[in-house]
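The two complexes that follow have chain A in common; it is paired with chain B in the first and with chain C in the second.
After this line comes the complex of A and B, so read on.
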């Protein structure tokens, strides 16, 4: 029983972080209809930045995390402005462009940082006795709390602010939003930057636990796509539920069946969910 | 106030509007009539900037707006109620109305505008926190008009006002538009000719992308050919 709770906790921690970076993909898909294949590479970039800022520049790890996320936000803005904007109107072009970007970034990381795992120092050390059942690493608990706070902030941003209303209205009806006075290009720019920053935030949270290497971004992107499709394209609530579901199933499957098939469990859930609800858990049928 | 001078509009390869001219002075209420496919909706879409005229000129308050993007045109004081109403379905009625007041100038008087709109359409007041897609067709049309009014426009364009609505609802909406028209210029596109001619001063008749007749509503209603072609149902 204690084991089960431990696996469940592992699943929840991972799931909430899956949800965090999947929200970035969902935001960009919803607003711009662009599937960003380089999403995972931006997660990795944030990991490298945080390691670099903390070790080479001697920043406090917490400050390094914030700075790294901001840097990825800016990188996102630059990528949108230079690479994505010329592709509007043709979703195939943006797909190819972000796919190439992901390969270029992977090789760039290999060249600059080498193949070895990098991580910043932990923010906290030790472990806490959870519900007096099992010991659980403080860094993981902190990661869980940080991701949860970021998700709550994201939902508040979408629900209660002008930016959120703009995001929702543009993803429902782009032309109508522009008739209300919304400049679609500016929304695209900000949404892409914010989407990348969400990948970055997940990156800085997870890197102390799972150090980054040049290619782990591929798995991150795939997981994000699975979560977004599972939750229903463009649904933010679906991302959170899908992320947690995926995290929990992966960890329980790995614990009780075999850890060799960890990735497989995700796809089994995805396929079975899509059999039952082709539009995803929270998706709507497109007209 | 609005001057359209010989515009030609293409959608893809199709020549939709052919040398269309139209003139609106401030405070006027004008109808555009015509059958399906006459180009009425394209005319509205062109004025608000969703389509670009290939030639000709569109001036609003003396300023050329022919090449401006929709969000800049909306800031000049033109709002539109689109065909099919197109509310932001997932969003609450309140958020739909707020979006109408997105422009910086309109945002400053958001509270006032909201009070005006809910006074005009009390049905919306009761449903402010409901998703827009749960409203009836008539309520969605009220919402679409209310959302357009939230930007405090000088010129309001209404596309297919009565399409798919019950006669009683149409009457109620025209009553509200009469109040709206006291302070604003209105351009209403309609197929329901009987109602609109009673509520407007002048009308243009469109057929296959051109304007074939225009004149005061009284005069058009007296013309037997027009009555035969458009009014007799």
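After this line comes the complex of A and C, so read on.
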């Protein structure tokens, strides 16, 4: 039973963090109909920024995390304005542009930061004996709490603020929202920046645990896409449920079937879920 | 006619796709094509800055190829290889030296540890760059793909750091290995270390690659023969999270964990082994690959969990094995301003010296003459005196195994703990 609880806890922790970076993809897909292949590279960028701010500039790790997330938000705004905006209306173009951007960023990281893993100092060290049952890393527990807070804040933003209402209206009917005075271009810009910032937030939370390397973003993007498709394209609640489901199933699969094929379990869940619900767990069938 | 700029080519291609794709609106395409073109030009403009092209040889030079991972989870090995051949080229091309009166040049092809990339990479080196021979590689999966190409195209390949037995056990005429093999490491080093230090229970954690699975099987056989209880867990190569595996290991209660995990994954493994209360609290971890424990930022990534960690290595900067070894460390320090950290820089250095020696003795770049010369090698390199075994029918064919050390981090200092005759200190268990 203790083992099961450990696997469940770890699955939950990983799942919440999966959900956090998948929410960025869901937001951008839901609002802009753009699949951002460079999402994982923005996660990596935040990791590098936080390591750089904390190590080279001597910032406190917590401040470095906030600054890194803000920087990725600004990078997101610039990417939207220069690279994504010309592709509106053509999903294929946005795919091509973001795919090329991901390759450019990977090579850029390799050139600038080198191949070695980078991380900022841990905010906390050591491990806690959870429920007197098993030892669990304090940085992971903190990461879980931070990711949870970020997700709650994101839902509050979408549910209760003017910006959230605008985002939801554009997501439901872009033309109608436009007729009601919403500026879709500005919403796109902010939504893309926010989506990137969510990737960045996940990046700064996870980098102290899993240091970043130039190509690690590929796996992050893949996981985010699996979560988004599993939860239902563009569904925020689906992202959270999909992320947790993926994290838990990966851990239970690795524990009770084989740890050699951990990543395979994600795809098995995805295929099974799509077989039963083609639109994803929380997705709606399109008319 | 001059070809169109890359950005225009991509835009044109996208337009062609759009023309046959009913889901793309032609109206939207017309409106945005110019802006998109500008965006693509911006992206492609970055490529010349970040792209690393091959080194083109002049007529008065002889080219050899290097294969290894410049990208992927073991990209650090590519950096070590670059350092290794840079030092070797300085020595080989020193005034009055060279190969056959010409300058030796290197063309480096990235294999990313991927068999498909490795096969096409070595084929490019041989057919496009016309290299005389190829050296390098550190991924067994990639090397197993490369040896078939080298043998088919009849160009000698000297493997530096891919350990799978089959690389030389296949008995290919054009394939040599001047580096460790799985059998050599397990039988000559690891099992001796385990027995000599009286470990009672061993856990094996191996990544699911050709190297990981191959060395796991040999370690299992060795432990079984020595009557030492053991357990085995296979882990996903790309996995960053090892809590599940470590929990199972902890329940088994070993006093030694043999971690056959290569790349940055090892850093995560060490840090998490400490978080879960396994190492060094109740067991020692032995990194069965070596270099990841020496990469920059190792201590930053693992923290105090790195103390008492063990790793295999063929290099001890404080105790040079030969005069060439001493010269390598001096040249490395002069060029890079510090001691080498990754012993794979030295391994690649060694293979370049072997290649240059073979070309000089063969008196040509003819492949069969080079194979003949390599088989007659009797050269002192940094790790010892190389003589390739010529007995067919086992992994020893065309192989030379350097002596391997087991090193322990003790208060951030490297202490050689095995074999006893080369040891610089005692093993610490607590």
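To be clear about the criterion, the second predicted complex is superposed on the first by the 287 of 287 C-alpha atoms of A that agree within 3 Å, B and C clash if a C-alpha of one lies under 4 Å from a C-alpha of the other, contacts with A are read in each partner's own complex, and residues count from 1 in each chain.
Everything below uses one rule, namely that a residue touches a chain if its C-beta (ideal position, glycine included) is under 8 Å from a C-beta of that chain, and two chains touch if they have at least 3 such contacts.
Here the structure is a predicted model, which is why all the values come from computation and not from measurement.
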item: Which superposed partner A:44 touches (first chain B, second chain C, both, neither); value: neither
item: Which superposed partner A:215 touches (first chain B, second chain C, both, neither); value: second
item: Which partner reaches more residues of chain A (counting touched residues only), chain B or chain C; value: C
item: Touching partner for A:166 - first (chain B), second (chain C), both, neither; value: first
item: First, second, both or neither for A:135, with chain B first and chain C second; value: second
item: First, second, both or neither for A:92, with chain B first and chain C second; value: second
item: Partner chain C, residues of chain A touching it in the complex; value: 3, 6-7, 10, 14, 82-83, 85-93, 96-97, 100-101, 104, 106-108, 110-111, 114-119, 121-122, 125-127, 134-137, 140, 209-211, 213-215, 219, 251, 254-255, 258-263
item: Complex contact set, residues of chain B against chain A; value: 48-50, 69-71, 74-75, 79-80, 82, 86, 88-91, 95, 98-100, 102-103, 106, 147, 151
item: Complex contact set, residues of chain A against chain B; value: 162, 165-166, 168-169, 172-173, 175-184
item: Interface residues, chain C side, partner chain A - complex; value: 10, 14, 17-18, 21, 23-25, 27-29, 31-32, 34-36, 38-40, 42-44, 46-47, 49-51, 70-73, 75-76, 78-79, 208, 233-236, 238-241, 243-245, 247-248, 251, 264, 267-268, 272, 274-277, 295-297, 300-301, 303
